[in-house]
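Each structure below appears as structure tokens.
After this come two complexes, each holding chain A, first together with chain B and then together with chain C.
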Partner chain A sequence: MTDVINVSELDPRFKYEIAAQPGGENIKACFSCGTCSAGCPVREIDERYNPRRIIRMALLGMKEQVLSSDFIWLCSTCYTCYERCPQDVKLIEVMNVLKNMAVKAGYVPSVMKTQIKLLSDFGRLYEIDEFDNKKREKIGLPRIQMQREEISGIIKLTGLDKL
Partner chain B sequence: MDQSNLLEKRVGVFICHCGTNIGGFLDVEDIEEYTKGLPDVVFTQRNLYTCSEEGLSQIKNGIKEHNLNRVIVASCTPRTHEPLFKRVCSEAGLNPYLFNFVNIREHCSWVHMHERKQATKKAKDLIRMGVARVRLLEPEEDIEIDVEPACLVIGGGIAGLTASTSLAKRGFKVVLVERDATLGGLLRDLYKLYPICEDATNVLEGRKREGESYPNLEILTSSEVKEIKGFVGNYEVTVDIQYPRHGIRIIKVGVIIVATGAKVLIPEGLYGYDGKRIITQLELEKRLKEEREKLKRLNNIVMIQCVGARGDKRAYCSKVCCMVAIKNATLISRLNPEAKIYIIYRDIIQVHGTEYEDYYREARDAGILFVRYHPENEPVVSDEYVKIYDEMLGEDILIPYDLLVLSTPLVSWEDASNLAKMLKVPLDENRFFLEAHVKLRPLDFATDGIYVCGTCHWPVSVPEAVSQALGAAARASIPMANKKVRVESIISEVDKDKCIACGLCASVCPYKAIEIKKTEGGKKAEVISASCKGCGSCGASCPMSAITMHQFTDEQILSQVKAVLP
Partner chain C sequence: MRYALFLGCTVPARARNYELSTRRVAEAFGIGVVDLEDFGCCGFPIKSVNRETTLLMAARTLAIAGSSGLNICTVCSACTGVLTEVSRELEHEDERAKVNEKLKSIGKEYKGGVKVKHILRILYEDIGLDRIKNSVKKDISGLRVAPHYGCHYLKPSEIYDHFDDPEDPKTLDELISAISATPVDYENKKQCCGGGILAMDERIALTMAGEKIDHISKESADCMTLICPFCAVMYDDNQKGISLQAGKEYNLPVLYYTQLIGLAMGMDPKRDLGLQFNKVKTKELLSKIGIE
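The block that comes next holds the complex of A and B.
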């Protein structure tokens, strides 16, 4: 980012594009109170993640910067901000909108690609082996069957494997 | 009660605990014991709250059972409770002027919370002084004055018009004096009013038509108040009429409402103000009224809040500008939804009340962007851009503008002090008219019979100005409806034999309550009882000691001084 942000070089339509997506409707209601950032558990660990700042950048029209950034992928979907937001911005849903837009624009962080591969290979984010199932049996839980085929089918169908 | 008995002084002292306010910090029992030994004190009583129903009946019983002819309450402040205790004395048959207040809360327990012994001693001293004075008090009667059932309203903006119409509706004679050629004040220049975007012209014309329909409401435009003489109930006002024919009118009224309004600050020298591409909100209102087609073609509009306000020179917040900016920005966005509108505000945006909060949200929803600044990082305006530090991004942003609108505060008229002098009412440090009490008497002046409403008192919106005007009209109608006012006879009296008509008293009197008049015995000073506020300036200045202040005679004051000296 440069030292001075020239608004005329940004995309003022960006906020309307977000608001036109399901879940993004309320983004313009944000009045920057900072309740989201104050309660965010991710921000506590990583200062770079700042929901208020992301909304601000979006409202100003910093489309490229927002969509290409890693921040939008860091949300842990804990719903703290969603519950607390006094203007009902529905931040989690806004983040989903931003992620979808980022993917469409070709911005997929490498870690996402790894996760998609794991899902495709194991039907889960990590492999279930006998060790896990024996532990489950001991405490009376049913075995977990790997559903590799179904999941990888869905991934193929949605085109996630081509990202 | 038998007034002849007044020769024998029988003083009753009621000492209030005020819950723990006094009782928690002073040795009230010790004070009572001490008080019993003071001259002429025949009865003492301690009350948990003297102002409670029980405490008041204890005063009444004390007066009756012990034949008291002087009463002291040692408690809180006369500012709030003296009228109550005086009334109770009166109800028990004692002349209320034979009552004396001693403040042992503000003057003792509150200010000396941590010095119980000394505070207790001080309370004893004050009560001793009170007893010394109360023994010398004389019964007096309130003064009753006839009220001329007519009202002068100064200023024909929305506040003055509303107050006039409201009083005319009640059947009182009203004279509305407006110095401009037309009525309406600031409303004439406004386009739409927040929050429901009513047409300002419609609001004004409706009020004007209503006002003009009352034959008992006389409207004098192009006219100015030149002189005001008299006092509550009997004011004599000189009005200079410029148009249609120049002339002077003398008007007699009982009460006066001040509604002279304010004006918008022209921000000369601030942010490159030029009245063309960089304008005030008021100038924008005019363009919204007359040049909407031109405004439609503008793509980048920036507004800056608190211009010339909340700084060293003008410390106050003008209160209405945030809503004005939001309203005008919304109107522009309705004209041209593609316009990029930024409101650069300081610290907070002033939107109070549910309807205004909604309005603010609507504006954000329309895409208007709000950027905050702090005074240490003020916006910088160049030919093309406004540069502002965005604290959320931690970086400067450059916002291009085709039109820059500066939100400037409402400021008082330069000549407000002339009218204030004529009326003998105070102005605050910003030259706005100052009410008698911010909470208890918000529409009155300390001078009886004069009331205030609208932006001459403080910046307000149209709905607030209207509420205040209706309130001021209600207040003003009280003396007119009663036809008489009673004033306390704490006033000065001139001993005609001693008076040498030097005129010093008349010149120091802040209420114009003394006149030098020709009498059979030559020129003499004469007190206009109704105007006198009992300040004592005349008494202190008189070189012949010819002036006596009722209730505060030299003898009474010196008795207190003697009582407190060791």
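The block that comes next holds the complex of A and C.
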């Protein structure tokens, strides 16, 4: 993250882009009270993750720095900030909008690519093969079918196979 | 009372103890759980990548249940969250029409109306504390149990009609008391397990999980009980890794609530509840309630 903000590099349209996405509508209501950061269990452990700072950067128009940042991927989606935000910013949804935008800008964490591949291949994050099904049957659980076609169809339809 | 049982990804692969105990407990209370073989992933894992992909995957799941005329019983809290959220979104006809336009290409259509409920909420609301109290056959009153609610079972509270209070939750505590065990309060009880970022930053995730194990250990609880397979991945599967990272020795058994109530109902710890699959061994815990 930069310490000095170069005003000429800011993108004033960024906050409107975010607000135009489902889930991002309330970002402009943020008045930086810091309730989100105060209750954030991730920030408690690693101060580099700071939701208030991320929202502030987004509102200032630091588009490139926000979208390329690793920190937007560190939200554990615990919804503590979401419940407590006095301005109903819906921070988890805003983080998701930012992550979706980061993906479109080409910043895709490799672990997410792996998950997309698994979902395409198996329709679930874990393959259940014949060996697993035998183990399931042995303790009286029904077999699980891998349903790859429809889910890989959705992944293709929404362009995630191209990432 | 019949529900389509939605297992999601983690449960059938990594939490067969949860699946088995859920099925047995449901059966004992006359909750019919139906397996629909088209079910796959709920869509939650890739919401961060593309919201629309998640919306369509969740809508597909709702469509499958809907065409069988069944509401959904979930066991994973993250699945519960995303499916509930999307089911509510798709009660708006125009939203549903947009989604159905896309679902056409995979031959699915969602007509609306499917309700989603976590198994714990089904036990709490549909079965109720009185019936649960009456189902107890074995005295487990000596057990001090630390409840872990996790996040997505309670939050966002607006999609769950505020059935429990996210700042002061009580349903799991009451369900522990109902089977005559003692719920144990502990510092930072509502803290997240860290599972959501395990793949992104293992150090932070394991530190988060370790803090809770610390807090619970201070209260000399016999075990922790929880209701989400990914929370169990953090506290049970990763307890050794947390010990290694923190340089501390932990030995806190982690039971799904369905395993705990199953014990109180007199079910077989292995055959019915899959306790042999729990990573932190439960032998000591069981001997405390007279099961050798």
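Here, the second predicted complex is superposed on the first by the 141 of 163 C-alpha atoms of A that agree within 3 Å, B and C clash if a C-alpha of one lies under 4 Å from a C-alpha of the other, contacts with A are read in each partner's own complex, and residues count from 1 in each chain.
We take it that a contact is a pair of C-beta atoms (placed from the backbone, for glycine too) under 8 Å apart; a residue touches a chain by one contact, two chains touch by 3 or more.
Worth saying up front: this structure is predicted, and the values here are computed from it rather than measured.
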{"item": "Fit or clash - chain C, chain B, common chain A", "value": "fit"}
{"item": "Included angle at chain A between vectors to chain C and chain B, based on C-alpha centres and rounded to the nearest 10 degrees", "value": "100"}
{"item": "First (chain B), second (chain C), both or neither touched by A:Y16", "value": "first"}
{"item": "Which of chain B and chain C A:I5 touches, first, second, both or neither", "value": "first"}
{"item": "Superposition-derived comparison: chain B or chain C, residues of chain A touched", "value": "C"}
{"item": "Contacts of A:Y126 with chain B and chain C, given as first, second, both or neither", "value": "second"}
{"item": "Partner chain in contact with A:L60 - chain B first, chain C second, else both or neither", "value": "first"}
{"item": "Partner chain in contact with A:A29 - chain B first, chain C second, else both or neither", "value": "first"}
{"item": "Which of chain B and chain C A:Q87 touches, first, second, both or neither", "value": "first"}
{"item": "Nearest Cα pair across chain B and chain C, whole Å", "value": "21"}
{"item": "On chain A, positions contacted by chain B and by chain C", "value": "none"}
{"item": "Residues of chain A touching chain C in the complex", "value": "21-23, 41-42, 45-46, 49, 73-80, 82-83, 92, 95-97, 99-100, 103, 108-109, 111-112, 115-116, 119, 123-128, 132, 135-136, 139-142, 144-151, 153-155, 157-160, 163"}
{"item": "Residue ranges of chain A touching chain B (in the complex, touch as defined)", "value": "1, 3-8, 12, 15-16, 28-32, 52-53, 56-57, 59-60, 87"}
{"item": "Interface residues, chain C side, partner chain A - complex", "value": "7-10, 12-14, 16, 19-20, 23, 35, 37-41, 45-53, 56-57, 60, 102, 105-108, 151-152, 154-157, 166-167, 190-192, 194-197, 199-201, 204-205, 207-208, 211, 271, 274"}
{"item": "Touching residues (chain side chain B, partner chain A) in the complex", "value": "340, 360-361, 364-367, 369-370, 372, 385, 387, 390, 392-393, 395-400"}
